[in-house]
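Here is the structure we will look at, set down as structure tokens.
Order of writing sets the labels: A, B, C and D. Residues in every chain begin at 1.
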Amino acid sequence: PGALAAYCLMLGDDALIYAHRLSEWTSNAPDLEDDIALANISLDLLGQARLLLARAAAADPGVVPTMPEGSPVPAEDALAFFRDEAAFRNVRFVEADNGDFAVTIARLLLFATHRLALLQRLTTSVDPVLAAVAAKGVKEVTYHRDYAGRWFVTLARGTEESRRRLVAGLGTVWPMYAELSRPCEVEVAAAAQGFGVDPATLADEVDAVVEHVLATAGVDRPDVAPSGTGPLGRVGQHSEAMGPLLAVMQVVARAHPKGKW
Amino acid sequence: PGALAAYCLMLGDDALIYAHRLSEWTSNAPDLEDDIALANISLDLLGQARLLLARAAAADPGVVPTMPEGSPVPAEDALAFFRDEAAFRNVRFVEADNGDFAVTIARLLLFATHRLALLQRLTTSVDPVLAAVAAKGVKEVTYHRDYAGRWFVTLARGTEESRRRLVAGLGTVWPMYAELSRPCEVEVAAAAQGFGVDPATLADEVDAVVEHVLATAGVDRPDVAPSGTGPLGRVGQHSEAMGPLLAVMQVVARAHPKGKW
Amino acid sequence: MGDTLEADFEHIIERHERIEPRDWMPERYRATVVRQVAQHAHSEIIGMQPEGNWLTRAPSLRRKAILLAKVQDEAGHGLYLYSACETLGVTRAELTEKLISGKQKYSSIFNYPTLSYADVGTIGWLVDGAAICNQVPLCRTSYGPYGRAMIRICKEESFHQRQGYELLMTMMGGTDEQRAMVQESVDRFWWPALMMFGPPDTGDMASPTGHTAQSMAWGIKRDTNDDLRQKFVDMSVPQAEALGVTLPDPALTWNAERGHYDFGQPDWEEFAAVIAGSGPCNAQRIAHRKRAHDEGAWVREAATAFAARSVVEEDR
Amino acid sequence: MGDTLEADFEHIIERHERIEPRDWMPERYRATVVRQVAQHAHSEIIGMQPEGNWLTRAPSLRRKAILLAKVQDEAGHGLYLYSACETLGVTRAELTEKLISGKQKYSSIFNYPTLSYADVGTIGWLVDGAAICNQVPLCRTSYGPYGRAMIRICKEESFHQRQGYELLMTMMGGTDEQRAMVQESVDRFWWPALMMFGPPDTGDMASPTGHTAQSMAWGIKRDTNDDLRQKFVDMSVPQAEALGVTLPDPALTWNAERGHYDFGQPDWEEFAAVIAGSGPCNAQRIAHRKRAHDEGAWVREAATAFAARSVVEEDR
């Protein structure tokens, strides 16, 4: 596929799969306010996913799976519901189960910090659509990061148990976190062509923000090895969590390839 | 469908769906011995399911979903993987999540006690296949019941926590338990025709065994209302746990309707 | 002095004005409002589950977004309503405890399972539709905070109802399987929706506790169960026709004399069983809420401890 | 006297007889056997995860039963091997603790994910195949309980290998998608399977700790890594041809002079990374085991408490 389409797919899939995971919190959060906040974050990311998948399809219709003749399924849905696992381009970081609230907050902090830095850069993308999506996303993800940051510090400095869980949760998500800043070919090409960003160039900035939150929380950087080497999720090699996620996510859509919803 | 086919489907679906749930314990049990025991119980029930689904298909080929031309999928698999939710005839009791080990043991005790009484009667079924399946099953399910009974008493009389969990677990599974002994039309017809059993006629016998285990464990019968009235699962009205279970169970088979495995 | 207060209270009620949190009110009025508002709040919270069940399986991204926003709105409604209760001196924690222990009820409708994506549409159309019939009059209810919450809630509910109806309409324009799915869903939800208005006001099945009469006198309730049920049926029949589905009631027919539809009675024994705890999902719904609440306890405790510590640190 | 004991020990080793639990043995021998048997036991237990991942998605009931029985066998192997360790005075609880804390290792292969149902077949064919090459010589290993456990295990592993190969063969006779699935799976597992024999015996990548030499001298190990790897390649190439898949090694070619296949080297840096904890699934595998172990703690405690109480009651 074209580099722009590939790049939009990648960013769209991150948002789509993570939105899916976060939506699993609905009716399960520790308090009503958090149920609402997590649903809101999920909705924002779902919105970003829809715009990015639509942009990918517009930039290169070849990325959209072929649907049976007469199928009314729009491109964004063909991409979300009719691609097989290996065609998804999200990082494995967003696939894993939510774990408890501490794991969730730790992952959200890392994800939102990275994505905010990325979207800020993308506001000057030479692709006007991408720039517009980024401009909208910056506001949203700033809130996501702040929400996660506040809870991160609260849990770290709350009770003994919350601190224990937070530290464990950070350790749980940390091994896959490295994948977000490990550049894949698509990102390198996207950066070279001026519409995308090489995530390696964001690492310092992201790291500084994360360090600041860790310091405020009085939590050490986890001393754990990264999970896997190479781009993995970005080239379609996912974790074992992805298959069951897609089985559930795609089941109704796939049962009705000519369905209207 | 014919009454015999409908009856075999029903008993086969109970075994199939419960075997599926129990297989989820694999690599997750409290100790290796229990990992092995639960896998063994799951395997026994899976074996019963295969024989019963095959009997259903032989008794009335009309119950088997139509597969695309040239599909090599055998009848037992067409039934397991290509029926939609509403065509499954298992009780909702076997669909629910496993919960913790206490919930699992409580459900296994109730399920195996009921099924053992049922299979013992079915050894004299006028259908020779059903009688043979039952004769084999009696030995298997006797072990299942004894395994569950031993753990039930152990947990009840182990630690404070294990007792608390066991009592809670029994309360969790109890509301749907009534469904097993609530006769549906198919069972009434099967009993009238001599190849099946009206589960209402088993209730006293099953109840006596359960009471005996409860007494040994020093645990009271839960004082909770039954979940739902009428046959529900037996007429295809399942619980909300069934959809996601089938989404996962059927995903690979459905992606390859002409696949050979 | 008690007499003056009571007279003032009665006076406000008579003039259809609002009772506000700081106004004097009879203890039974307070208890009745708390019970009704809490039950409504609990219904919003428990009501997140049957629809939330389809969030991970929504068949299009647009529908996933709509559903997520809707379930989120229900959480928001729960939030306003618990706040309205708090103005009467009851905390959210106390109310949650009463929900989980079964001491307070929620709408019987949420004890039915959602078994296909069409149920998301049917809940919007019929269940939210019935809720609106019940709730619009409550915008004028005598207790101020409740009435104001209801204004906002009704606005959103009516938006949800349109979205649900629109989903069903879209599905009816899809494949045969989709149309069958919609019909099957409507078949399952029609009677439980009628039950949402509560037992008949008269006859054997009428509520013996007489909540309705007292609540109406106090202006907490504004219409009888049967009136609201009739209004709902009259509203729904032409909508069903426009949709192309059959409502599963052979007795349903236009009565020109009355200017209303005649209709059959729901299975009131089933209703009684559901209210008594034997609905298909009662145990599951409460267990879900209890699990989420219990699993969140350490988070709420952490927030409390952190807030307390922050106050201490600021004081230094 | 120590000299006599040591001489007896050496004598048994030289004659390729078995050391039994009650025999005297040097502390380093004991430690080495414990380490090796524990690592093998851990590999069986962790090895349940990648295949167990497909239990709920097996595409036919026959395959579901085969897979469940196989994963159950792995648990059984773990059980024998932990028992063999226990004859050397180490408890299963201690070993589990060492696995969870990362103090003891398990086979690097299980740090790769299973991503399609073909992986179940490929693990049977290649991974169990490589395991058998490693393990058959261990049936003659010097420590008695280990050797006897290996005899039983090898018999079952070879059954599993045939089942895995048969699954792949069946899939190759299926649809184009299935054939592509098998090829993709073999592409992912070939190199990690070669790594299962450990680093080369000589050269830059050779293990600096020299475990191999000492273990061979003691008869705990019986062949070098490179010999076993060669044997595996020689065995697998004709099997791949019969299957109709391409092994992903352009250097793979028959060397008539050597009477063996020449083949390329795996990415030993990747191997080092996986051993160091950076495999795609290391963290996940350990976390899974830890979670299951932690969640089972109350059950094991209950069993212990119940057993203790039963003893007391019997004593009365």
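As a convention for this text, a contact is a pair of C-beta atoms (placed from the backbone, for glycine too) under 8 Å apart; a residue touches a chain by one contact, two chains touch by 3 or more.
The shown structure was predicted, so the numbers you read here are calculated from the model rather than taken from an experiment.
> Please give the intersection of the contact partners of chain B with those of chain C.
Common contact partners of chain B and chain C, which must touch each of the two, are A.
> Could you pull out the chain whose C-alpha mean position is farthest off from that of chain D?
Using the mean of the C-alpha atoms as each chain's centre, the farthest one from chain D is C.
> Return the distance between the CA-based centres of chain B and chain D, expressed in whole Å.
35
> Approximately how many whole Å separate the CA-defined centres of chain A and chain B?
40
> Using the average of all C-alpha atoms in each chain as its centre, how far is it in Å between chain C and chain D?
Comparing mean C-alpha positions, chain D is 57 Å from chain C.
> Using the touch rule from the top of the page, what residues of chain B touch 2 or more other chains?
243-244, 247-248, 251
> Multi-chain contacts in chain D: which residues touch at least two other chains?
If we look for residues of chain D contacting two or more partner chains, we find 56-57.
> Indicate which of the five shapes (line, ring, star, complete, other) describes how the chains touch one another.
other
> Provide the full list of chain pairs in touch.
A-B, A-C, A-D, B-C, B-D
> For chain C, which residues count as touching chain B in their complex?
Residue positions touching the partner: 50, 53, 56-57, 113-115, 184, 270, 273, 276-284, 287.
> Which chain C residues qualify as touching chain A in the complex?
Per the touch definition, chain C meets chain A at residues 45, 48-49, 52, 55-65, 68-69, 71-72, 75-76, 78-79, 82, 92, 117, 167, 170-171, 173-175, 177-178, 288, 292, 295-306, 309.
> State the interface residues of chain B toward chain D in the complex, per the touch definition above.
Touching chain D from chain B are residues 16, 20, 23-24, 26-36, 39-40, 42-43, 46-47, 49-50, 53, 72-74, 76-77, 80-81, 100-101, 153-155, 157-159, 161-162, 165, 248-249, 251-253, 256, 258-261.
> Touching residues of chain B toward chain C in the complex: what are they?
Touch list, chain B to chain C: 85-86, 92, 96, 172, 175-176, 224-229, 232, 237-240, 243-244, 247.
> Over in the complex, which chain A residues touch chain B? Could you list them?
Per the touch definition, chain A meets chain B at residues 84, 243-244, 246-248, 251, 254-255.
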